[in-house]
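One chain, chain A, appears in both complexes that follow, with chain B as partner in the first and chain C in the second.
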Partner chain A sequence: MAGDLTPRGGHATRTAAATAVNPGATGHATAWSVASGPRGRAASSNEWRKRLEIAFFVAPALLLFALFVVVPVVQAARYSVFKWNGLGPLDDFVGLQNYTNALADTIFQRAITNNLTIAALSIAIQLPIGLLIALLLNRKFRGQTAMRVIVFVPYVLAEVVAGVVWKLMLQPEGAVNAFLETIGLGAFTQLWVGDSGVALWTVMAVLTWKYVGLAIVLLLAGLQGVPEDLHEAAQIDGASWWQAQRKITIPLLGPTIRTWMFLSMIGSLQLFDMVWILTKGGPDNATVTMATYLIKQGTERSQYGYSSAVAIILFVISFVLATLFQTFVLNRDAGEDKTAKRRKKVAR
Partner chain B sequence: MKRTAALRAVALGAAVALIATACSSGGGAEEGTDGEGENVTLTWWHNSNNSPGKDYYEDLADEFEGDNPGVTIEVTALQHEDMLTKLDAAFQTGDHPDIYMERGGGELKAHVEAGLTKDLTDELPDTISALGTAVSGWQVEDRTYALPFSLGVVGFWYNKAMFAQAGITTPPTTTAELDAAVEALRSAGIEPVSVGAGSGWPAAHYWYYYSLRQCSQEALNEGTQSFDFSDPCWLRAGESLQSFIATEPFNTGFLGTEAQGTPESASGLLANRKVAMELAGQWEPGVMQGLTDDGQGLGDDTGWFPFPAVDGGEGEPTAQLGGGDAWACAEDAPAACVDFIEFLLSNDAQKRFAELDMGLPTLPSAAAFVAAPELAQVLAVRNEAPYVQLYLDTAFGENIGGAMNEAIVSMFNGNNTPQGIVDAIQAAAANE
Partner chain C sequence: MTSVVNQPTRRSSPARSGAGRRRAVSPWVYVASVVVAVGTLAPVVYAVLSGFRSNGQIGANPVALPNPWVFDNYVSVIMSSSFWQYALNSVIIAAVTTALVVVAGVMAAYPLARYRFKGRQALFNVFVMGLLFPLTVAIIPLFLMVRDLNLTNTYWGVALPQAAFALPMTIVILRPFLMALPNELEEASMLDGASRIGFFWRILVPLSGPGMVTTGVLAFVASWNGYLLPLLFINDPALKTLPLGVADFSTEHSANTAGVLAFTSLAVIPALVFFLTMQKRIVSGLQGAVKG
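== the complex of A and B ==
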């Protein structure tokens, strides 16, 4: 299970499959049979053929990756050391000035804080909710499929559509306040997106509604890998449902939870659409994120050099956090997997 | 087998070569036509994407084509915001239209510095002098780069019925009377003013106007030309705004309210009779019409009064804040572009523009043809103003203007001081 979730495992499987179904000119000699066949001229020519095939199939993807990922990142790095309003030639070299200006800017500092807060809160809020709902939905009951669909719908909805609907509902005279009035909770009506003390929490609530479905679906998939007989054994030993979940299911869900945490963290750092639609980073920068800040500085204030520096900072922060997470958290799962295999070998 | 593959490769190569040749010869033919100078195609982007404006501009293009054989005008009508975004991108890629709309100030300056906009000073001296002081917002170092076809001013649009309901018989002419009106409206259970602080600039217009009233024209010029804000009038402007905010005149949730576009926006609240007034430009009646079900906006209840005088202010009480739209030619546009712009600013074209109530025409000869009474009133106030100050954010350009607007919104949120606004402008200017 854990092996399937890591990208490395997935890729290896796919490459092997692609090579295997590709018959060579000399018959049906596949990579597998070549590897185990006798070494010689034919083998080495096949080796070359294999490499060419790989190059042939990888080239388009590599080209697109270079064109749409590598080139823009390099360009952004280049722009970031110039003062540039988007017009005319790049001739005002300012070195690291844009970086120091960005890091000293109180609004950008606030954006970083907001992003980290959203990342931490997403995990702290969505994990318990997601876990609880996944555990409940994993039990067999009538309407189980319907419930799963309902829970997953917000995640499938386009971010822009969901954002616009929520924005309308969160207006001072919108549906949310009207609903609170109707059920006698008039005292709790708020300026949901118009009050700088409340707006970030509102955004957080909408994000939870939107993304908890993903956590649930991933966790439900993870739950399929938890063997039923362990539960039966626990039941026979007299464990309650909750004890069984706590001692057996949740620990076995570890790799899934950690993968979801990784996705959630990266998503939170790059958060843009929902905030842009709900608040545009306002009111008074209360909900500004690194991405909304960089778009505003670029498109509204025409500071393309400066916003490129911000983009690079965002890239570095995401990259560092992703690497740390990969090294200290996700690799542990890969490690566990290897240990398990080794144990199996020893047992044989 | 090998031979077949080789043959295939040769065939493929030949095909590629043929296609390449075909392409290049096609390109050559086109260049030839251009080079002869008989046929010229002008590309033109404007922002009147619905009738009657769209038809008006199409008619103008047809008439010009009729009078100038060989000239073809490719008209693209875009929604305003789309046009601005597309223009920005077009200038960056170099694939921009020949004729486009300039809003003046810092934006124009950036275009001129990048060598993108044609200098019209020596090309159209007669039209420039006919436009008079209206062109000042489109000049950089005394050279004129674009010709304004519409120039409006900002003032209070209000609901006459609501004012009457609150017992306000004459619109406020001083800030004290404005405060009293706010009070009267609140007492009558009416939300007095809407402001789209979520969009930034609508809130910022208040600070611009208080600056215009508090500062003499010299101090205003010192600030806007050389970022010298040492005159204490700039702080008094912030203080005036602070005390106006303290009277709580604005709509519920104004910090998150957008300028226009939806019924919940500041314009939408006025159009749908949720508030009594809004500080906005000459575009407001048109915007409101789009935000009501019957397409009438406030209809007969539409009223307008200029921004009131400020007690003790050093500025002219009748000076106005405004801005407009002008036609410009790209630096590399064909010569016919200049002729077309001259045609767009002709007496006849401006007269028809005025008759359609598309905006406030800039040629004095066209002023008499504005039909809508409230627009005629705005036009009269504009023409009587000793000077019309270009919106400060446009004047300063996008970066400094953006920093200023954010600082002002922060004051609306109670998080900034009069000094903080001035500091924010100077800090952004220092980074230019």
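== the complex of A and C ==
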């Protein structure tokens, strides 16, 4: 993605020739190679024209992006150092007080802990399940295509819609408890979202149901890139199916797994919809996340300065974790052709 | 499912059975598939079936089949004007968002992919940075801004921020796509006297159709499922979107389990139909996004 993939050597002369042959094209064709130096008035008006075109094409996106992404993010940083209820002038400067207050708030500390727990557990729970199902679906069997669609259904449903159904099923008198009674596991019935000791685990379970499909779909895509002859070689050497998976397939999935982990981690830190629907952060703040805390402080109590500070902390945590992940995990993939390496190893 | 037997098993021809994946599939694969499918679909099936029951039936036994089948819940949702209003609002907002994202996205991706100019990479990085800013971080200032622009309780108030936050991913997907189109096309159209703008409209836009559909589908799904923006920016019942409508309906009618499940099931249908028709696009879009 980075860098310029399109070689342009020799274009200058060719397009110049084109201009000579076809006067109608004057002013357009040569602009491809403007970098090669001034060429009189035609070239400079050409340069201007090119700039205008670039501006024309980029303007709508840039405007939309600046107005609704960049400005609000900058504003959040600005609000975060004021005490402000959203009305009247922004004049009660409090420095970093909102930040220190937030970090000292036990509920917000709980929110950070919850987010980090959810991020870690998402990976720890979904990766083995996802891998197992992906390996299963990667074999040829009847109904394989249907299964690929089915496992992805929860991911496509809106979190709110899925959350509402789950909430009803998890009621004390709801389907989950009734089902447990029916199959003789009545001892396991719970106040799934009403018990502060259980609620976070319930949220985790629902999130797993909702998001494991994404892991499966991405891993299946990664499996497409695992060359089949490796399996043949392994089999000729007498490896079992599981040995082949463990020694060849799973290691080759490394890049896909790491990319998915990254997505899962960032998503976990921003978790809002599902928690808001299932528990609103309760009971007793057991499932509070940074995002639900932020929204509550902002909208229900109109503490815009304070909740902006929370937003910035949320951003900083995401940014730091993303950067650490980039540096120490994702960069392992750069510049090294794992497939080729692994091939050699197997060939030996 | 018995055709499995026809395939050569590994034991019968160990050396020539071909790649591992083409071996006979053990019945466990099917058992596991059924378990996975049931676990995945159970909540959806439960919601749809329970919509056909009365609250009395659900109260008596939450996990039985409808007996007798009750159609009142679905009928009353279908007859209610608010359900259709929510659906229409969702369609309009998602369509506006998608149109904005695709048009602005492909326009921006064009010079970023095919013009050489100073600061090109920097400009691209500006958009990539957007991937790091979650909506939640910007939501409070956005809330105040939309209020000050008098866009609260309008389609634009939701669609514009949604489009803006969908842009980075769109550009990240579209740029390599446009870069991959062969240079010969460009040269040929130049020889035929087309301007770069002409080239953009007549050749590039039609050719980048698949890329635009993929990004469009992703933006549409994200908008359709969006909750946070409508939650904060819309309080006029006439403008609620489906997710907002489902959430509000479920709190307002919390005692009416069957009614809520019928309402929710019907709200799921458009998303499921859309997904089933577009699933290849959605999946390839996600995979493309990950491969970058």
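To be clear about the criterion, the second predicted complex is superposed on the first by the 277 of 348 C-alpha atoms of A that agree within 3 Å, B and C clash if a C-alpha of one lies under 4 Å from a C-alpha of the other, contacts with A are read in each partner's own complex, and residues count from 1 in each chain.
Note that in this section contacts are C-beta pairs under 8 Å (C-beta built on N, C-alpha and C of every residue); 3 or more make two chains touch, one makes a residue touch a chain.
Please read all numbers here as calculations on a predicted model, not as lab measurements.
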Inset, instruction - For A:191, decide between first (touching chain B), second (touching chain C), both and neither. - result: first
Inset, instruction - Could you say whether A:326 touches chain B, chain C, both of them, or neither, answering first, second, both or neither? - result: neither
Inset, instruction - For A:141, decide between first (touching chain B), second (touching chain C), both and neither. - result: second
Legend entry - Touching partner for A:88 - first (chain B), second (chain C), both, neither: first
Inset, instruction - Go through the superposed model and pick first if A:178 touches only chain B, second if only chain C, both, or neither. - result: second
Inset, instruction - Counting touched residues of chain A, say whether chain B or chain C comes out ahead. - result: C
Inset, instruction - Identify the partner contact of A:300: answer first if only chain B is touched, second if only chain C is, both if each is, neither if none is. - result: first
Legend entry - First, second, both or neither for A:159, with chain B first and chain C second: second
Inset, instruction - Considering only the touch criterion stated at the top, classify A:218 as touching first (chain B), second (chain C), both, or neither. - result: second
Inset, instruction - May I ask you to decide whether A:283 touches chain B, chain C, both, or neither, giving the answer as first, second, both or neither? - result: first
Legend entry - Residues of chain A at both interfaces, chain B in one complex, chain C in the other: 86, 168, 173-174, 299
Legend entry - In the complex with chain C, residue positions of chain A that touch it: 1-6, 8, 11, 14-15, 18, 21-22, 24-25, 28-29, 31-35, 50-51, 53-54, 57-58, 60-62, 64-65, 67-69, 71-73, 75-76, 79, 86, 133, 136-143, 147, 149-154, 156-162, 164-169, 173-175, 177-179, 182, 209, 213-214, 217-218, 221, 228-229, 231-232, 234-236, 241, 244, 256, 259-260, 263, 266, 269-270, 272-273, 276-277, 290-291, 294-295, 298-299, 304, 307-308, 311-312, 314-315, 318-319, 322
Legend entry - chain A-facing residues of chain C, complex: 1, 3-4, 10, 15, 17-23, 25, 29-30, 32-33, 36-37, 39-41, 43-44, 46-47, 50, 59, 61-63, 100, 103-105, 107-108, 110-112, 114-117, 121, 123, 126-127, 130, 132-145, 160-161, 163-165, 167-168, 171-172, 175-176, 179, 183, 187, 190-191, 193-197, 200, 221, 224-228, 232, 242-244, 246-247, 250, 257, 260-261, 264, 267-268, 271-272, 275-276, 279, 282-283, 286-287, 290-292
Inset, instruction - In the complex, go through chain A and note every residue touching chain B. - result: 85-88, 101, 107, 168, 171-174, 191, 193-196, 199, 279-280, 282-285, 296, 299-303
Legend entry - Residue numbers on chain B that touch chain A, as the complex places them: 85, 88, 91-92, 110-111, 113-116, 197-198, 252-257, 264, 397-399, 402-403, 406, 409-410, 412-413, 415, 431
